[in-house]
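After this come two complexes, each holding chain A, first together with chain B and then together with chain C.
Coming up: the complex of A and B.
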């Protein structure tokens, strides 16, 4: 058994003209608590519904336990769902709601049949296709027909065999249970015998007897702490109770995978927090894989082992809650997960960043010299200190009391606002300083501009890497001396992808990200990563030509570092 | 305070009493007349003494004014036949239209909102249309059928017509209930091991049962008291109670058994209303406990 329970491979889904999921790839490990997080309309619920079997992907494959399940009916999948508005059956009481699935005894029988038919289906189809061939002579046709008949017989006997084997297995189990109960001696022999007979009668039809159903239902109800509500009508329950019943109804089926579609969205804050905790406990206790869909980032951070941040039908980032929170990879993720302040910064050298007129230490290496970056700061990471000790100096502009903490707004001399969460109260208008620990500064590559450091070569072109020299500037450019160190900026929209023959140099596509109206294609050229914004569809792994107009290559003489400090 | 006294309590009581008297006086009159011996339809006949014969004769061969005609025409219906016909048509059409209407409603519900709205316009058309138009149109169709397929008017055409005009009422009472239940009910059932059909029968239909029952009651009442449409499509030899009374009246005389019939129907209806009321009161109390 592989570790991967669910594998989604190149899933695309469109409703009419609207593409909801674009070439989606994801795998889910056993016993993992995975959260799909994204704003509404990002495709997360559609994804969940596809795993459950209520929607079919337009293209791509869904594997469950190593088998493709695209065409498997939802009632045959060992997957259960907890719906957003609970979807309890109003005509049944609590007990019968939970027992509903267990009473659909046909499932096992169908599964046996399905599994056998699946093994033979290819052979059968081939034979049937042969029959349609009109050129066949009558004798051959007769033979094919006989083969089909034989195959059908074989399926039937095999089904009966497996059916009986399952019955035997169950009967043996019942016998064992009976003997155990007898040993315990809690009930007298006659009652036990009656129960045993009833169970055996049901087992022969692969049904569950009322005793077995009762045991399972009561266990599930106990798990959600609602045993004493079993006779209540569902419409007399509160939202939280209904949600628990919906959980019990799904868990009682012993699914391998439990899908939860924003199950807590309709509950109030306090109850939501309680249930979050309970859900997580339940997942640990039962050892079931949970896939949880939510748009609430707090919920995702509290409960998940892994968070998948989605937007517009694409994965933006996958990682543990800590990773997602502390190191958001894109502006969207930073904004969506927690409050954040995003500023423009420049990286003068490794482990430093300059923004709002001050230079800070960071933990980042590997940006090119003077590359422009987005700086992400969290309100709780900004520390208010006396003005003399702070790197940033500003004035307290406003404050809001939020119960556990104050939200304080500081404006610096440049007019930049910083929102800070702190437990300490400050007077309005106080002059203060701000500091940030290096590990709390997150830097992100800026979309839209490629920034390289380069040098002018002998031909008067700019060399951004070994072997890669670009012509630059227009007619009026100032001539630079050979060897001058420069910063090269190229807008991603000006990096054109073309046939390999026509182009200046070539690169391999490493990654593609969907933006609002175009794609950002990440190309690997030697050691460099070049980003191209294009509306054309490309594929990861492709080798493509790269072509940049010389007027679009901007070159600036690099300021020396000493000047900067 | 002033407002409350604009209509004094006494006049309120008087107005109410008047209203209820006007509503119930015909019932009371018919009730009395159905128990008096006199044949006269123009007096209460209190002096003639009481009897149960009108109730008894409901189940005998009572031809009313058609008694004389009976001598010349062999297959004229008795009131008993008319009652049997009425109930046969009503019960069958209620069952068929409830089943069909329920599935229509489930079908309509599964469409997008835009298509649903236009389908509902189509559904409501026969409801809004005056009976006389519906009856006449159905008559035209049945005449056409008769000339092409030799499809005689009678029990069949009345039944088809009743099913036809009952279905929209069933759809109208089932659909709101469908809108009320959770949109994932069907999927929840599939998720818990039901095949497509089982999901509909085990989850959807029981959840909308109140709507279906209301629809069936609607269909029943619409069918049992229909006169206009039945008259158009029944042909010459088929009578239900309303067309039978009509034809008897036109020949000059109806037996007081008709009064007995009306009183029985009224009594059944009242009992049903009272029982529903009691059960709904009980239910509400149960929810509070």
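Coming up: the complex of A and C.
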């Protein structure tokens, strides 16, 4: 069994001319707690509804357990949903709400039939199409008719076989349970026999008896701590209780995948925190894959194994909560997850960054020389020190008391504002210094640009490594002398991966990260790492051709390095 | 804290008092023209009082004996039977045609919904008698004005008249059903038919009952339709009451007939209250 439970491949979805999901690619592993996080209107709910089966993708494929489920009706998918605002059945009490799905016994039968017919449908349709052909002679027609009849009978026998097999399986189970109960001796033999008979009667129709339904319902209600509420009408419940019933109603179906559409959004803060914890516990206990949709970053960080940050129908970053918080890949992610200050910086060399007129130590290696980067700072990581000790020097401009801490605004000479969270109180107007520990500085590549240092070779092309030379620029490009040192920029989206034969040079896929726009594929080419943003699914270790249009290679003469004062 | 709640309480009472004033004209109106007449009916049914001659008040069960007696056996009971049968069939037809219509109305674009609504409401703005007369003309043109077809014609005309009263309450209820609830039932493994039977239908029961009552009760006392369309050949409960009150002298027996309709109305209302406690389906 593959680890991947759900694979979304090149999913596009439009409502009218509005495109809500653009070429979306994502996979979800078994037993993962995945959160789709994004502002409202980012397409996360649409995505969830597509997995549930309430919406069809305009194009692309949805795989579940290795099978394409695009055309499968929602009632046939082993997936259940906890709806936003719960969508409990108002005409039923708590017990009947939870039991609702279990009473859909007909569906088991339908599913058996459906699965068999599915295998034969192509053959059957072909035969039926043949019948419509008027040029057929009566004898051939008769034969086709016979074939159809044979096929139909085959389906019927197979259905009966599978039906009986399922009945047998259930009967054996009932027998086993009966013997176990008899051993326990909690109930007398007559009652047990009565229960057994009832169960067997139902099993023959592939139906669940009231005893079995009762057992499952009570187990689910116990799991959400609402056993005593079973006879209550749903409109007498509080929001938190309704939420739990909605959970119980879904998990009683033993789905392989549980979808949760902002289930906690309507609850107050304290209750939400309790339920966050409970949900996470429940997921661990049941071993079900959860896909959770929320716009609340705190909720996402608390509960998830993996967070998928989305905006405007695209994935911006995929990663663990720690990765997303500590190493946001784009400005949007940094802004959306927690408070942050984002500045423009330059990397003069490994482990350093220069911004706002000062140079800081960092933990980052591997940026090109003088590469422009985004610097992300978190308010709780900035430290206020006496001015002489600070790398940045500024004045306290404003402060707000927030209960646990002060939010202090410091303005530096350049006019840049820094928001700082600290428990210490400072006078307004105090001249202070600011420092940051190297590990608390996050550097982000400017969105989607490969930057290399290179030199012009004898052919007038730019050489970015010993044996990799690229043609560059358009017809109006400035001719450069051989040996000129240059900075080469290529947008990651312009690095195309193609068949090896067609390409300029090849690389080996070192890493694929579900992040930034679509997937970032990290290619090892000699000593260089080239990043390609692609929507296609690739595999680590694969060798692929790399192809870059010459108009997309931007070359700039490297300026002589300015020395810091 | 106590003070605060006290003042808001006083404010609330004052407010209630002032708003209550606005309902007084209606209360007076319905007291004079609805409550008092019911008591007059009861009084008339149990007495020999005659409006045209005045005086001569004598309490008696004579009127009731007459209605239940041998004399009216060939008139009263067949009429009430025919009325019940016709009302039942009209209601059934309205339900069969109306429920799917209301159901489809919740699924289509607002523009088309408004169109159907207009088609339903517009005829109601035309005088009822005119509509009935035009039905009679239609049956005449179609050469359907024959003795054996009268009941059929009455049913057709009445169904067309009362259809909006079935569709509108059912539509109101269906429209209020959260589509997420129906989705939840698919999600839990129900197919379309199952979802309809287990979720949509029970949730629209209130609308069905008020639709039934709003077609059944008015058709039970209809007399213009049967009068006009059957050329007085089909005599229904409504016709009996009408003939008794048309002239003079028949008021006492007419009151007994009328009390039957009051009884049916009360039964209908009690039924309605049982399924629809807030009265939200009464348009």
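Everything below uses one rule, namely that the second predicted complex is superposed on the first by the 448 of 565 C-alpha atoms of A that agree within 3 Å, B and C clash if a C-alpha of one lies under 4 Å from a C-alpha of the other, contacts with A are read in each partner's own complex, and residues count from 1 in each chain.
Quick note on the criterion: a contact is a pair of C-beta atoms (placed from the backbone, for glycine too) under 8 Å apart; a residue touches a chain by one contact, two chains touch by 3 or more.
Quantities reported herein were computed from a predicted structural model and do not represent experimental measurements.
Asker: Putting chain B and chain C onto chain A via the overlay, clash or fit?
Answerer: Partners clash after overlay.
Asker: Could you tell me if A:152 is touching chain B, chain C, both of them or neither one (first, second, both, neither)?
Answerer: Neither chain B nor chain C is touched by A:152.
Asker: Considering only touches as defined above, state whether A:85 meets chain B (first), chain C (second), both or neither.
Answerer: both
Asker: Name the contact category of A:236: first (chain B only), second (chain C only), both, or neither.
Answerer: A:236: touches chain B, not chain C.
Asker: Looking at A:74, would you say it contacts chain B, chain C, both, or neither? Reply first, second, both or neither.
Answerer: Touch partners of A:74: chain B and chain C.
Asker: Touching A:164 in the superposition: chain B (first), chain C (second), both, neither?
Answerer: neither
Asker: Jot down the residues of chain A that show up as touching in both complexes, chain B in one and chain C in the other.
Answerer: Looking at chain A, the two contact sets intersect at 52-54, 73-75, 79-81, 83-85, 87-91, 100-101, 104, 106-107, 249-250, 253.
Asker: Can you tell me which positions in chain A touch chain C when the two form their complex?
Answerer: 52-54, 73-75, 79-81, 83-85, 87-91, 100-101, 104, 106-107, 110, 249-250, 253
Asker: So in the complex, the part of chain B that touches chain A is made up of which residues?
Answerer: The touching residues are 181-185, 187-195, 198, 202-203, 206-207, 209, 287.
Asker: Spell out the part of chain A that touches chain B in their complex, as residue ranges.
Answerer: Interface residues on chain A, with respect to chain B: 52-54, 73-75, 79-81, 83-92, 100-101, 104, 106-107, 233, 236, 249-250, 253.
Asker: Touching chain A in the complex: which residues of chain C?
Answerer: Listed in rising order, the residues of chain C that touch chain A are 178, 180-181, 183-191, 194, 198-199, 202-203.
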